[in-house]
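Each remark here refers to the structure printed beneath this line.
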């Protein structure tokens, strides 16, 4: 038990798997730096040890600054065990495979007329990524069981559902959950709606109450409020006004300037269609349906969102690498600001310093009525000391449930196929994805090629 | 309580809704005629009173024959109440709508490249048929509740799942189940497999034991045996031998001679693919998947089965009408033989004369693990006096479950849409069918046209 | 939707059923007076209209004071409909039957050697009280359905489980929950334990986090914390020190001075025995077990708690009546202080002003694993705007579950017996209570006498 | 796969654990001898090797007779592995502990006023017997897992529920079920009722259809029929006529002549009380309730059944030992007749030779609504080739469910206490038994003494 003395908890240990990360790792560093009640050590483990070392320097640079309240030491370690032994928390954010594999995931299906706007959750790309992620997470689960069975594990890696599910499959007593900010961004849209429709400015997304149902990136909201205001009529009006044109807070047409930007047209169309909100961002959301929004490049443009090319991802990474170098060398100062992630708040709650309700990815214990027990769902949960307990979410409408549960079973089959190294089961899962709109023959051809391209991550097995 | 005296139960009353039927009604008449232990009256109700009258004459003609053991009186009645009051059993086999509607159901989607080989269960045709059937079954359920709440109700109408489900939705205490011979025909295939692979001739389908899972026409078998023989390796060998060419008991190429005939290629392909048997006949089975087998006319031919044109259905009906006339006039004698349906055996069991296990369509009380409670499933059930109790069926493999549960939720949504007269929900269900492979715009266009064509059966409501 | 303007919600309407109450009504008045954000009208309905009128004067007297922040108008009404129409909230606290009936409930079984320390939840007294409460709550549920179907209903009446369960049985869509401060008092004990064992003073019960499982007055805690401190080892040490002697915050022997006081010996003994905490106060807790703690007067004394004689209850009521008179007449001023109840905080949350987690009595949607769906359980729930969603509580250990579920089924049977007016089922429930330790003959004799004594509240039916 | 050739299955192997048994072993031998379709070897294993040898001679003597159709070889083996390797079926009937332990189980509680009429299922005796049986069954389950994982396991040992449950706990994939003829004897009573009330003679118990719910020896019937006759009104009339006096097929007063005999008064009283049938014989049935029927010797006499003294059991065993000797020596011939057990019929069904429905003890997969998943229940199940699938049994009335589920949880706790060697949990289970009507102090004293008396079977652990 960590002691709370003089308003502080010291000597905490966080194991960071994927410790070379230039995204979530920096968010965590930033949030830890801004929180004065916690301090300790973060052990960075990465298969790319050099990247972990760079982050070590990066993190310690931040900690050394006078304006930083949360003083943490960062240390790159050479083995996962070194990171885990003694850890109170384990944070995981990795990239399973490299850009070469991602290139095959995302762009090969385009040759068959299948377009994917992200390619990290479902669709042919999501499946391939899952197949190479599962062996890694099987390993993680085993290592955690051996070295830090009592630690809380926070996953940020996609495919979120598959990663979290694999941890529980291998080590059922694990204390793990998965976090994603997609719903938070939806709450931001609701803040815009409040401004546009009710004329109330300055509402923060943390003031929005939502009831969350479904699975990661296919996450639904069947009630939402701000103070006494029911946000359903508000959002309905908002969609009426902006559904056709799109809504872009940064100015009309701004969706064309950056690959992750969009005009929320898909999100609003789904609301019109189903009557309940689905928040995961247009790029993610579109991938969970049949190719209504992703039929071809023209259709995609008409819905005002972008495909994410791997080339652009590579470019972004290079920029970040250079930034990191400059910061380490003192040529630039990292700007501290709340990342929008809730990891540090969750850590505080798990230590006992506060309690609150937020949405996370965890196994279904019954909170999602109509979903199989044990599958990983995204719903609200109540965080308090050493405890994350799901809040009963209720049930999706039957027509929406049908859309979502299809992915639930596909994800379960993906996991089973990967664990059993069963290529045929993987293929059966592949053809069951709504984006796959091909003859069986073409499906098989594409599947085999994609699998071939990712095989070096399949532990030397055929699948 | 019906009395069993001198080896006979007399004075039974069967209400036959759809009493003008030229198919199931004749099967029942035949089976009743062959069963010496039961007698009584069958009250024939039909919206086409003349057809009911013809069947009355037809049935009484049979009863009057000396070689008939089960002596039943047939009576056409003008109201459903007359049929129901006093009934011990209610049999329902109707055609919801006429050939005009069926023509729209089956052939209009062809203009959009969607081919359907039957069009009575799922797919765009199945949905439209469901929408016009539900109001009729709502009415039936109410009438049964009022006039014959204790009677056992046997449904033969398609869409089977929707019909049975509607009865329970409206009158939850109803004692109803739905029967279909599709699985029996699968058991016949297994008899052929035994002959071909093991060299054992003369096995009857009633000697085959199967464990049945799923829903009507998408019904799966995960264990099968004949005496001490496990039929899975037998069938695997059978599929290995005949999967490519097809298996046709009546001679090669015979599938081209009659519209319901086929070469079992789809059935065998599904087994190769999923490793468990799916028996409902190629024509039905193909409709539950994405358009793998129904992509276009050429693909369909390559799988060696036929589309069922409505023209041919009309022709067949005319032939039967003429046959009935000739039989009534004494120009021809109806050939009595067991129909292959189990209705009369079930009636005997419910009266207490025997007990047995067979597959039926009933609400899920837990017998189908992983399916929602209350949805209608097809599994084995144990028939005994005044009791049909489901046998625990277990669980489908996740990949198959995913295929089936999609239809389960679609059917639930169909029912809700019909009860709520909610056109939008009906459309959301429509686009969620795996055969619908269109843009949203085309989907909407097709949906609206089809709905228009069936509107006169939608009780004057928009939907 | 109530509007939140200038930091206030005005024009709320609360219907108070049992509006003549001298206990919960005063608590509510006090808490409303202390809360500046809410105002409106409280409509007091009581079968004793005079008592409602006195409370009207009492309440308005409070509202007229200058130091009061929450300005409410109190109005006595002659019909339940007048109270309900327009209500945003319905509060129910009634005494089903009078002291004559309570006298029979509590003291008649003593002639058969059965001692009951409260007699309002289970045991022979609890059953009789339930039988006369159910018809009243059936009526309430119907009236609420007709007149205020959207209102939130807060129940304070015992038997808590039965009352809440009856509301949902009659009107399943009702938005109702039941509140009891018994667990809060347990949290107070934990504050004492923190002081005694850890030396930390001044901890408030609202700072204690507990996971609550079970049913009202047989409520268990399987995890408890204060900030970073796990309270299980703390409480274990506390019980080790004080379990034998008892723990009395107001001084040794103080349990003998007031009938509801006790030395927490039963509570601590149960912890020693089962390893998890049970908090409902010794007097309530003892009644849920076989007569281990209630064997005879000597045993009860040895456990340092008191039987609650009806005589003392009558006395207390008289004192309160006089107090009320003096306050109305201005001879005395009512001292405003937080009641310790959470009703007003819950109302604020339901209006959207805050969100929090606390324990309430609601139907089991799955939050209590191992309990039947639909039975009323006490667990944590998440309050937010127009929403109370249970938090997954998990499972009791099998041995504890066995103790609790027995009462769950008894309560279900009690409800069914009352609704069906089935005296035999009521008797079968009676003999199944763990306090009933008699031969069948004596049980029947006692049952019949007790039923006779309460018959005027059984709606003129035999039961 | 066993081959069925010329109407016979040969070379079967049955492992008999407890192979020295003079009761179930002889029944099995007799039934096997009468069945011409099966033959093979029975390997008899017993901790008393000499007893197994005597049964080997006994069995081979029978097999050598000319009038015997089923020719089996019997062989005593010295290790459990020898029996199991190669076994198609495993039959278990053992006596856990000896008469000394049974003496403590049954007679020591009498010193505390607790009378038990059998002492093998529940009550203090049942618990102690369970505690010493569980370690043995843990061992069996492990050996079966290692040596015969595919074999079907039939358990006859009491406590039936605990034995079957332990097998599944240790080896969840085991194919095991437990058999008890108690329900069959109830069906015999129904045959008597048919004779007495309807005047129909000669009905066999196998012609009675019953729906079975609950747990072994606390088994309930909520529907029963013979041909078209509903047996509930028949039995109601029967109970009306004979409930007071008792019903004794062998003549009035015959219950006094033999310790297992009784007048069915308890059985009939339970029907009067609960409205549904409970069949397990008065001696077993009485033990599951509070001491209504077992209050003292006088009460027991008044209900016309007997306590089973251990002395009488010892005597009976001696007589059987002598009989066995005489038969082996050829001084007497064993009279072959159907035992009334269904083991051989079940074996035939599992081999594929027939299919039928009967009641067995198996884990709850959902067939018993309202009971925890996984606990062992007694319901109907459908036997067919290599398959025993539960039939949905439905739900007990709440008041009966409350009585039964208490034992369900006690049995679950017993198992957990035994597996965890947790003496305190065992004691908590002990005091939760309805027959325990003592103060906590006396309960503890009795528990400790009883545990001491059985300790040599608790694997050297404290418990």
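For clarity, chains are labelled A, B, C and D in written order, and residue numbers in each chain start from 1.
Rule of thumb we're sticking to: a residue touches a chain if its C-beta (ideal position, glycine included) is under 8 Å from a C-beta of that chain, and two chains touch if they have at least 3 such contacts.
Bear in mind the structure is a predicted one, so any value in this text is a computation, not a measurement.
Shared contact partners of subunit A and subunit C: not a single chain qualifies.
Seen from the C-alpha centroid of subunit C, the farthest chain centroid is that of B.
One inter-chain figure worth recording: subunit B and subunit D are separated by 44 Å, centre to centre, where each centre is the mean of the chain's CA atoms.
Computed from the mean C-alpha positions, the centre of subunit A lies at a distance of 55 Å from the centre of subunit D.
Residue positions of subunit B with contacts to 2 or more other chains are absent.
Residue ranges on subunit B touching subunit A, taken from their complex, read 273-274, 290, 292, 295, 299, 370, 372, 397-399, 401-403, 405-406, 409-410, 412-413, 416, 424-425, 428-429, 431-432, 437, 439-440.
On subunit D, the positions that touch subunit B within their shared complex are 1-4, 9, 209, 211, 223, 225-230, 351-353, 355, 357, 365-367, 369, 380, 382, 384-387, 389-394.
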